[in-house]
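There are two complexes below, and they share chain A, which is joined by chain B in the first and by chain C in the second.
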Partner chain A sequence: MNPENILEVKNLKVRFPIHGGIFLKKVAEVKAVDGVTLNLTRGETLGLVGESGCGKSTVGKAIINILKFNSPDAIIEGEVLLKTDEGIIDLVKLTPTEMRKHRGNIQMIFQDPYSSLNSRLSVGQIIEEPMLYHTSMNKKERLEKVSWLLEKVGLNPDQSKRYPHEFSGGQRQRIGIARALATNPRIIIADEPVSALDVSIQAQVINLLQSLQKDFDLSLIFIAHDLSVVEYISSKIAVMYLGNIVELGRSADIYHKPIHPYSKALLSAVPLPDPKRKGKERVILKGDVPTPLNKPTGCGFRTRCPIARDECALNVPPLELKRDDHFAACPYSE
Partner chain B sequence: MPENKINNTEEEKKKVSVSIFQKRWKKFKTLKRGYISFVVIVTAFLISFILPLFVGKSALLVHYNGEYYFPLFKTYQATDLGQKRDAYGEANYRFLKQQYSEEDQGNWVLMPFYPYGPNENLLNELEGNPPHPPSGEHWAGTDDRGRDVFARLLYGFNIGLSFALVVTFFSYIIGIAIGAILGFYGGKVDILGQRFIEIWGTLPFLYVIIIISSIINPNFFLLVLILTLFNWIGMTYYMRGEFYREKARDYVAAAVSMGAKNKTVIFKHILPNSLTPVISYAPFAIVANIFSLVSLDFLGFGLPPPTPSWGQLMQQGLTNIDYWWLILTPLLAMFLTLLMITFIGEAIREAFDPKVYSRLR
Partner chain C sequence: MTSYFIRRFLLIIPTFLGITLVTFLILQFVPGGPLETALMQMRTGGQQGAEVGSSGTTQGIPQEAIEELKRFYGFDKPIYERYLIWIGNLVQLDLGTSYKYNEPVWDVITERFPVSIYFGLVGFILTYIVCVPLGVYKAVKNGSAFDFTSSALVFIGYSIPGFAFGAMMLVLFGGGSFWDVFPLGGFRSEDWESLSFWGKIWDQVHHTFLPVLSYMIGSFATLTILTKNSVIENLSQDYIRTAYSKGLSEKKVIFGHALRNSLIPISTGLGHAISLVLAGSFLIEKVFNINGMGLLGYQSILDRDYPVVMGILVISTLLLLIGNILSDILYAIVDPRIRFK
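Let's look at the complex of A and B:
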């Protein structure tokens, strides 16, 4: 493991078998994630973008190892190496009981602030909960930390007795962030943390995440489909298509000089507040995203690619270094 | 981040925070007929546990030859207290009261407000043949064995409602636990469990009761046990569905990713969020269980005689169809009780409905 990295994901594959017939035989398989490799260094923000259903949330859930809770049949392969105080741990191989001990190091912020908070518990109880599992603080220390965290995320500490339904969406997301911070994690996976919020609130929450990242020395994996949000917060971006990473590089490089034909099409779809650029450079792809039940052979993007050749059907193109720190999974594009 | 701070006005600070349960309780209180029924039933049920203070054959206090006696706690023989009329067996305090006032020797008896017990045969005090029609002494007349119907109705209320509550409680515990296991663990556990429940559910309840009653004389606890064994099934379907749904919600994933154990996830997170069907279904289950006991008593497979029971009174009403009070009074008592509990259920359902506007007010 590279000493700079705090998290390495190596060739992660997630498959969901589909059972059918009277005897529930396995009839098909959804390849939700099909060989993802990622590195995360200390204090950096990695943006994970792609359209709906490309597997970006599944990557996040596979990293924090909660996929099996709701889909016990899921088949997870590859390695998720996490650097902890006790050395390097492969999270994929841990049993649920072993995993529980390490959960304090890696936390998640959820997409929907309306369903990610238990409406029966008060805000104080919600933020306190992770401390019960990962620290030996007494009641008074926990309450102090709850107040401190609430202040950190821009809420009033007096509000800890309130219940989630008394807060707005943006405030609830701040509560979710405070909960994720309660165990002093090294890594936070933010699974579309702002896509359920109003645009004005999105900016506040993103600014909050950025300032907290500095204060807490956090590494962030920021999953989103909103490219402008991702560009603003991320230092590195990985573009995903149909379970694969097709392009990986520094945020500015990917945003201004994309290499992979999919990234080009994706970025050209970002609306720009510039009337002169209207109608220019818009790449429109033909067809729809193929179903992950039945992926095309070779490159997953070849069915819609404007520069596809016959050879694309043969092998899955690996991520190759194209420019300085800029990788793309297409041998024919520059 | 000063610009991020949420401004707390004074007004905001004064607002009292309420949990969802408190909110629902507030709404329940605004639904008048449900709330009034709730208060009436709960009060009546609590009072029915101290019913001997108001309705009963034992005196509350006896003053005899300078000493005080408490017949509620100890049984006295007729001779202990100097009873003259029919002076054998247990003392009859109504006779004593009459006798003491005639003798005028400073002895006295304090009787309950309605001085007749539920299992007491009044043939030697009343003229004519039972059943006696309602009168100022016996508000609902007597049954075919000369027992006071009004007292039997009141004691029957306590037994019927206690029975229904106990059965509902135990069948809910079993139903919630099994439904939760099926919904939480899913997969093979769920498939096998569901098949077992389907098989168990096809057992004919009435035949089992008849067979058991013909072998042993059923008592309160045996009947609770049998009814519980057949009643838990309904709740499992609701709980299983709730657990399946809630398990997939983000707050459960959040709890797991925080490091909560399955036990914590089930009891702290999913269960409190799955109780809506339990609470809104409970009054109707209680109604159904009161009805079950009445039916069993009516058929003669219920609580052993001479337990005061509404079903047994109705059975008498059927055999003595000319005596209207034997039919009308237990039916009226049952009608009112079941109606009020149904009102409670209706109001609870309405209070748990997230819609703001209500049809009931």
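Let's look at the complex of A and C:
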């Protein structure tokens, strides 16, 4: 493991078997994540972008080893190496009980601030609960920390007795953030944390995440489909398509000089809030995203790619270094 | 919230008046009332008297006697007046006197209370103790052989009428042709008073087992499946994933988060526990020869013992209406999202 990295994901694969027929035999397999490799250094923000269903949320959930609770059949392969005080740990290999000890180090902010908070617990209880398992604080210290955290995320500490339904969407996401921070994590995976919020609130929550990142010395994986949001917050961006990373590089490089034909199409679809700039060429892709049940052989993107050749069907193109710190998984594009 | 519940309590009054008025009217028009019964008795009594004594007495009953009877039962007044008198007495907590037992209705009913409360409460508590954990376990092990077998069992229980099950149990375990495990019925043994402390308890349990099982067998399915479905639904919610990501153990997640929310539909049924004092099915009480409220209600309808019928109706109506409000209060207590205005 590279000493600069705090998290290394190596060749992560997630498959969901599909059962059918009278005897519920395995009839097919969804390859939701098909060999993803990522590094996260301390204090940086990695943006993970892609269309709906490309596997970006699954990557996040696989990293924190939480997929099995909703999909017990999921098959997870590869390595997720986390640097902790006790050395380097491969999270994929941990049993749920072993994983519990390390959950304090790596937390997730969930997409839907409405359903992801238990409506029967008060906000104070929601934030306090992780401290019960990951710290040895007494009741008084815990309550002090709850108040402190609420203040940190811009809520009134007096509101800790209230219940989630008494808050607005933006406030609820702040509660979700305070909850994630309660265990002093090193890494936070934010799974589309602002997609359920309206635009003015999105900006507030993102600014909050950025300032908290500095205060708490956090490394962030920011999963989103909204490219402008990702560009704003990320130092590095990974573009995903059909379970693979097709391009990886510094935020500005990807945004202004994309290499992979998919990234080019994706970025040309970003609406610009400027009526005068109409000159930008729009790359329109043909067809739909193939289903991950039946992925094309070789390069997953070749069925829609404007520069596809016959050779693309042979092998899955690896991520290769194209420019300074800028990788793309296409041998024919510059 | 307080004003909401005060309003709800005030609404009991018109509902209660409506229910009792309708029942009162229906009862008055049913043939075979106490007047007819008394006249019939007098007629047969008169005949016997005529045979014993010499000839000459009339076959018919003198008009004054009939008037006297009417006055005794209160039938000399128009029906609305009778209802108003009845309500007036009720307000003074006087339920009248039973025609059959010649005792105050209140005494007749309270005599049966302990038996009914005992069976009602034991059945109720046992149902919750068995069904809620069973439902949770079935939800966690959804689709397993255990889940399938237990579902089959509770549904078989659901489809057997309690009294038929009771009769079958008596045939099998009542000491007839098969096994002599349980007594044939009754609330306690006749020599109960002379038993030792543990002997009393054992005797009571011995007499309770089969009737309570018959009472409960039908309610197992509802509560078990309700709990199971509720827990399964809650286990797939997003906040369960949040709870796991906090690093909670599976036990904590199931009992602290999923069950807590699943209890919302379950706990509201608790409000109706109050009407359990009148629970009891006359058929089961008949099968097991238990002198409870079910049997009393059934008998008093057959005997046209109107004061007792109305007395039971008053108590059960009030308990049901109050139980409904209690359920709503419980809703507001267990679910912070629910606030009544």
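A few points about this structure:
The rule is short, and it goes like this: the second predicted complex is superposed on the first by the 333 of 334 C-alpha atoms of A that agree within 3 Å, B and C clash if a C-alpha of one lies under 4 Å from a C-alpha of the other, contacts with A are read in each partner's own complex, and residues count from 1 in each chain.
By definition in this document, a contact is a pair of C-beta atoms (placed from the backbone, for glycine too) under 8 Å apart; a residue touches a chain by one contact, two chains touch by 3 or more.
Because the structure is a prediction, the values reported are computed rather than measured.
In the three-chain model built by superposing on chain A, chain B clashes with chain C. Within the superposed three-chain model, A:Gly87 lies out of touch with both chain B and chain C [touch as defined at top]. When the shared chain is aligned, chain B comes close enough to touch A:Ser211, but chain C does not. In the superposition on chain A, A:Asn156 contacts chain B only, with no contact to chain C. Within the superposed three-chain model, A:Gly21 lies out of touch with both chain B and chain C [touch as defined at top].
Once the two complexes are laid over each other on the shared chain, residue contacts for A:Gly104 go to chain B and to chain C alike.
By the document's definition of touching, both partners, chain B and chain C, reach A:Arg120. Within the superposed three-chain model, A:Gln171 lies in touch with chain B and out of touch with chain C [touch as defined at top].
When the two complexes are superposed, the chain touching more residues of chain A, out of chain B and chain C, is B. When the two complexes are overlaid on their common chain A, residue A:Ile64 makes contact with chain B and with chain C alike.
The clash between chain B and chain C in the overlaid arrangement falls on one stretch of those listed (5-13, 23-31 or 77-85), that is 23-31. In the superposition on chain A, the residues of chain A touched by chain B in one structure and by chain C in the other are 64, 66, 69-70, 100-101, 103-104, 107-108, 110, 112, 115-122, 129-130, 133-134, 163, 165, 176, 179, 183. Chain contact summary for the complex, chain A toward chain C: residues 64, 66, 69-70, 96-97, 99-101, 103-104, 107-108, 110, 112, 115-122, 129-130, 133-134, 163, 165, 176, 179, 183.
Listed in rising order, the residues of chain A touching chain B in the complex are 61, 64, 66, 69-70, 72, 100-101, 103-104, 107-108, 110-112, 115-122, 129-130, 133-134, 154-156, 158-159, 161-163, 165-166, 171, 176, 179, 183, 204, 207-208, 211.
Across the complex, chain B meets chain A through its residues 1, 3-6, 8, 13, 17-20, 186-187, 247-261, 268-269, 272-273. Put simply, chain C touches chain A in their complex at residues 236-250, 257, 260-261, 334-337.
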